[in-house]
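Take a look at these structures.
Heads up, the next two complexes both have chain A, just with different partners, chain B and then chain C.
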Partner chain A sequence: MDIAFIFVNAITVAAIYGLIAVAVSITWSSLGLINLAYGFIYSFAGYSAWLVATYVARQYLDPALHPFVIAATGILAGALGGILVCLVVFIPLHDKPAFTSRGMIATLAISLIGSQLLLMAFGPTAKSLPELFGRWRVKFMDITLTADKIGIVVCSALMLAVVVMWMRSSRRGLEIRAMMMNPHAASIVGIGIRRTGIYVMALTGAMAGLAAVLLSQTYFISPFSGLTPLIKGVSIALCGGLGSIQGAVIAAILLGLVEALTNKFMGGQYVLMTQFLFIILVLIVRPRGISGLLDKAREQ
Partner chain B sequence: MNEVLKVEGLSAGYGPLRVIHDLDLVVNPGERVGIVGLNGHGKTTLFYAIAGLTGWQRGSILLTGKQIGRTRSQGPGRYTHQIVRQGLAIMPQGDEIFQGLTVEEHLDSGAFTPDAWRTRKERKERVLDIFEPLRKLMRMPVGRLSGGERRMVSIGRGLMTDAKLYLADEPSLGLAPKIGMAVMEALLAINLKDSAMLIAEQNVALLEGKVDRVIGMHAGKLKGEASSSFRLSGNR
Partner chain C sequence: MSDATTPKTYRWKNPLSAWETTTGNDEADSITVADPAMPWQASKGFKVETHPVGRLKYFVVWPAHGARTWDRARWWPTRRNFLNIKGLYNRKTAVAEKKILDRKPIYWLLCLIALALGPILFPENQTNALLTAGATFGIFAAINVCWTLIIGTASIFSLATYAVVGTAAFVTSFLSIQYGVPWYFLMPAGALIGLAFGVLIAIPALRLDGFYYALLTLGLNELFRVFFTTSKQFGSASGGLYGADSFINPDWEPLTQSYVAYYAAFGLLVASLFLFRFINGKRLGRVLRMAPEKREAFAAACGVDYKRARITIFLATSTALGFIGGFYAAQYRGVAYSIFDFQTVLLGLAMVTIGGIGRAEGAVLGTLVVIFLRDVLIEFGPIRYLIIGAAMLAVVLFLNNGYFGIRKQFNAWRAKKRGEWRSTRAEKGGELLPEEATEIDDKDHLYFRRYDKMQRDYLKTLIKPEIIEEHRRQPLGQHSEALERVLLYFRRAKMEDKYALRSAGPHGPYKIIAFSGTRGVSPRLVDDREFVTLDEAYHGVFMRRVHDLLES
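== the complex of A and B ==
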């Protein structure tokens, strides 16, 4: 019973942070940008969803539609935030010297400025979204699965599947994958770095937006609520091997397990410590991350 | 006025290094021009400059009358995709390929104009007719192919659009002589119509008698020119 419970918790946590980790990974390998602005995109999407939920959905819409409208708002706002970061950071900076470090600093600045602006606009009081998945629960063997856990896992798995399918089958996806593998050759076949950048950032922003809506089922939305998911997302992406989608998923599950086990046996305050210890151990054994050899990913 | 490519006063290089010095070149429709020179004398840089991939460049480059060169000192590749879309097919030297994409996806990526994308099935068929060995490798990741097969993929990718100018950079480099010959044959078999082709090559014997003109390249400048009937001195 205990083990199954820990495992369910691990998967739920992994699903959310996995979304952000995959977003970080895709952005890094296709654009060479470590986007630290997901913290802002996350809060931005969360607040947008909250605005729509309180001021639009509650007054004008049928309650049955609420979950879809709120989730769609989060995704759209996330994509918008991603495009904003792309326009402000990626397009002006991408061909300048030392783009990697500059990009990191610029996105971090956006994250901090954006969070402060949200603080000015909405105040320090945390907001909460209505329950998206209802209150039902399922008994499976002798574990009780609550609606929000099932919903979170299903939604993020669905999002991930859609993203991977889109990357595999569409023309834009082909362009993004080509850029992930060889940016130089990509420009030779007429793939514009800046345009592809906008697609990539919109896509990954949408993933962060969905993560924000899903995590708001457990935590409150506050101006700085994006910080923890950002740190976890980036570290999971690092642990999995930057640039690899499989790696990020595997690392998310492992780190989710570490988090759940720590919560169970040591207490929530030790979670970040054990997670980072685990990441350090992984990177000592495999300096390029879990899937550093599975995938040919960008190295600089 | 109807030259395919007209280069005037082109200089290009990387950082403090100047590789190409005030180079002039005219290529007419239907022409196959061989550019011959040793390693490090600027053949690849000339191609990269035409595509806007060098660190900096100045001078005029007219592709079918449209200016694609300009003085620029920004990072390489900023305008490459726009230049390429005006009708440039680059078949780069070495491994400028996407390791994890399959041969088929690779060929698809070459069909970047809307028209080529719509007709990509027929175009792939046409490429496969030229490079028969690729037919059974369509689902294989390119990273696992041999050097000759990769070169076929990279040339085939260049053939997926209707370019006005084909740039083939050392198509036989690093290949076994027989395969290199076959690749070169395929390049020469392409029906150019009113487009043109530039082939950079170190092995003059491969070009001998098969291209319309051969131009020597030395130390970043074009030197000497021979017409199609040229023969290597002392050879047979």
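== the complex of A and C ==
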């Protein structure tokens, strides 16, 4: 296989996983919650988008609108899933003892329940979304870039840019950043922990939802399909440093590179191994990830 | 206030004046004295709701001969006792008694006996199914007990437990199939593999904090799954690796096979419980109890090498998990890929969580509940997993530490509520509150405080300008009833902080001092005010006491 092709592939997938990694990162650093229910949110958003694509868009809407409607549905469903997790896990638990471990276990319980519910509702057969970006392709210096790859990279970069801009410039973003720095001080100066929790979870859920819509055109949606993106996202977030967006982006690119190189020189079955070796090496050198600072780590 | 308690002014005549032996007041303005029993009657009527108070702590107490109160049965050849028993004498009857302080060993014994005798009690038509479920329970309970050691005792939040078990099971099955290794070598081989993998995954644990490690091990689990499902040697086509040597002879009757499997798994569970006891209850566990999360630095400063202890536990437990993996392979003649599934990790976490993390009994109970739901109530279909998930979620949301943490949490909640109730009915000043009262042995003290409070309330009504004026005119000698009652109370005060006079010369001036109440400790000077005559000084002391009374 061509290294450039593999590299493009790796970057595409890394873009999607990077979305989830950033979501995990923001949730951890602002709320102190390790949300492992993104897998469920992912599947939930994917199925919602599929429902809309199959039963609404195809029958009632102009084909030109389909991509927007489907993507919007996925994002909204993801945000809804995030708010659900916030209401069920974060709000009741955030002031209880051992919040971190209990929160993590609770999100795992939600993903257990949620994936079983999805399994009961939709059955084990996988569904797939229509292609959102059409079928055109671009040739660029011997590399053929298909529409979905360009679309995925552009969309996730756009989403990331929107999120970063929003976090930088809006009042709510300021609140979230204040929570990241010091949750207690933030609550003292009048930033509602629960309210901010809902914003954060809706935002990160929307990112997972977008990831679901983007990835489900190439792969499939099944009740457990969120697991791989979740684990990849968590690993990237861990490698980049929990709580750091630029760290997650760097780690996503690096891991994509590792994946591409492994594919080229060793073979596809060693990808996970080399990736984890890489992550472990990074973590042994820097226990808080590439751009995580030891002192700034959240203490809660 | 009613008329009876409102003092009326009248003119008091000194009875001694008839004999003309009075030294000071012949007559004085004074006040009538209300019935001193009134505050008692008023306070006897309960105005507020009463609640039962005290400790509900029941201990098993049985009589013992006085000479044998301190007898102890011990585990030969150690000096450890079978039970934590306290010998004591009953407070009321002075009879020698023995009290069991820790009843857990009894419950453990009863539960293990129930598990051992369980197959006899299983319904006839379900014996085989229940035995199979019981064998699964035994193995999973053993795994979870080991996992509890890692999460609870060593506080390393590892999610790769099932990955270690699965790896050991796969490699030993592979060895048995390829090289014909007999079943009794599978477990030691598994233990070695577990140790090797333990060393491998313990390296990042040295550097990473709890949750970073949890996320990493989540990924490691996935890595193992992908590795084993895609590798050709481990039979990627058949959904698992089967055909290993087993201690269960296929020529036996099916029921006999089930029995052997059940009791083998039971033995494994008991062995893992012993492991738990010998790690958690001995030096390593105690060392780590000194170093809970976020207090590691303190423990390290005290000389506790908590990292070494944690890694030791992690390695020992990984070895045990590898052993269990070998056992798994030998029991089921192989292993399926499903042991690496995320679902398995989730169910395992549910088992550990439902009972309570950090306790062997929690791990065993949680495993029992989850395995019962999953393997016995099969006719429920996929709803079983919903129930398991809901139970896990409910436990995490409402309980601080699973089922076995309920008692502690309830006691804390009750103490909080007690505090709230106490603050709603804390209107009675000097009395002890009921909750404190149950903790005080000397009940006289309670009655004294109560009586004293009522008396002070009563005497406060008597402090009027008339009696102060009467005292100023003549501190010593015959007084009106109101003043006399107040003075009697003052004279009866405790030595501690009792006021006295110190004269600078033979005829004054005088200063007020207060006794320390402790022998050998000199009195303190109350203030610098000097009184020229003795009577003025007496009145100064009186005013000070009146002030203290009104303040109290």
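Going forward, the second predicted complex is superposed on the first by the 285 of 300 C-alpha atoms of A that agree within 3 Å, B and C clash if a C-alpha of one lies under 4 Å from a C-alpha of the other, contacts with A are read in each partner's own complex, and residues count from 1 in each chain.
Here, contacts are C-beta pairs under 8 Å (C-beta built on N, C-alpha and C of every residue); 3 or more make two chains touch, one makes a residue touch a chain.
No experiment lies behind these values; they were computed from the predicted model shown.
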{"item": "Partner chain(s) touched by A:K96 [first = chain B, second = chain C, both, neither]", "value": "both"}
{"item": "Which of chain B and chain C A:L108 touches, first, second, both or neither", "value": "second"}
{"item": "Chain B versus chain C as contact partner of A:N182, first or second or both or neither", "value": "first"}
{"item": "Chain B versus chain C as contact partner of A:I198, first or second or both or neither", "value": "neither"}
{"item": "Contacts of A:I231 with chain B and chain C, given as first, second, both or neither", "value": "second"}
{"item": "Chain A residues touched - chain C or chain B, whichever exceeds", "value": "C"}
{"item": "First, second, both or neither for A:L174, with chain B first and chain C second", "value": "first"}
{"item": "Touched partner set for A:L242, first chain B, second chain C, both or neither", "value": "second"}
{"item": "Which superposed partner A:L145 touches (first chain B, second chain C, both, neither)", "value": "neither"}
{"item": "Common ground on chain A, meaning residues reached by chain C in one complex and by chain B in the other", "value": "96"}
{"item": "Chain A-touching residues of chain B, taken from the complex the two chains share", "value": "51, 53, 74-78, 80-82, 84-85, 90, 92, 96-101, 105, 108-110, 112-113, 117, 143, 157"}
{"item": "Chain A residues within the chain B interface of the complex", "value": "95-96, 171, 174-175, 177-178, 181-193, 295-296"}
{"item": "Chain A to chain C touching residues, read off their complex", "value": "34, 36, 88-89, 92-93, 96-98, 100-102, 104-106, 108-113, 116-117, 119-120, 224, 227-228, 231, 234-235, 237-238, 242, 269, 272-273, 276, 279-280, 283-284, 287-288, 297, 299"}
{"item": "Of chain C, residues touching chain A in the complex", "value": "157, 203-204, 207-212, 214-216, 218-220, 222-223, 226-227, 230-231, 294, 342-343, 346-347, 349-350, 353, 357, 382, 385-386, 388-390, 392-393, 396-397, 400-401"}
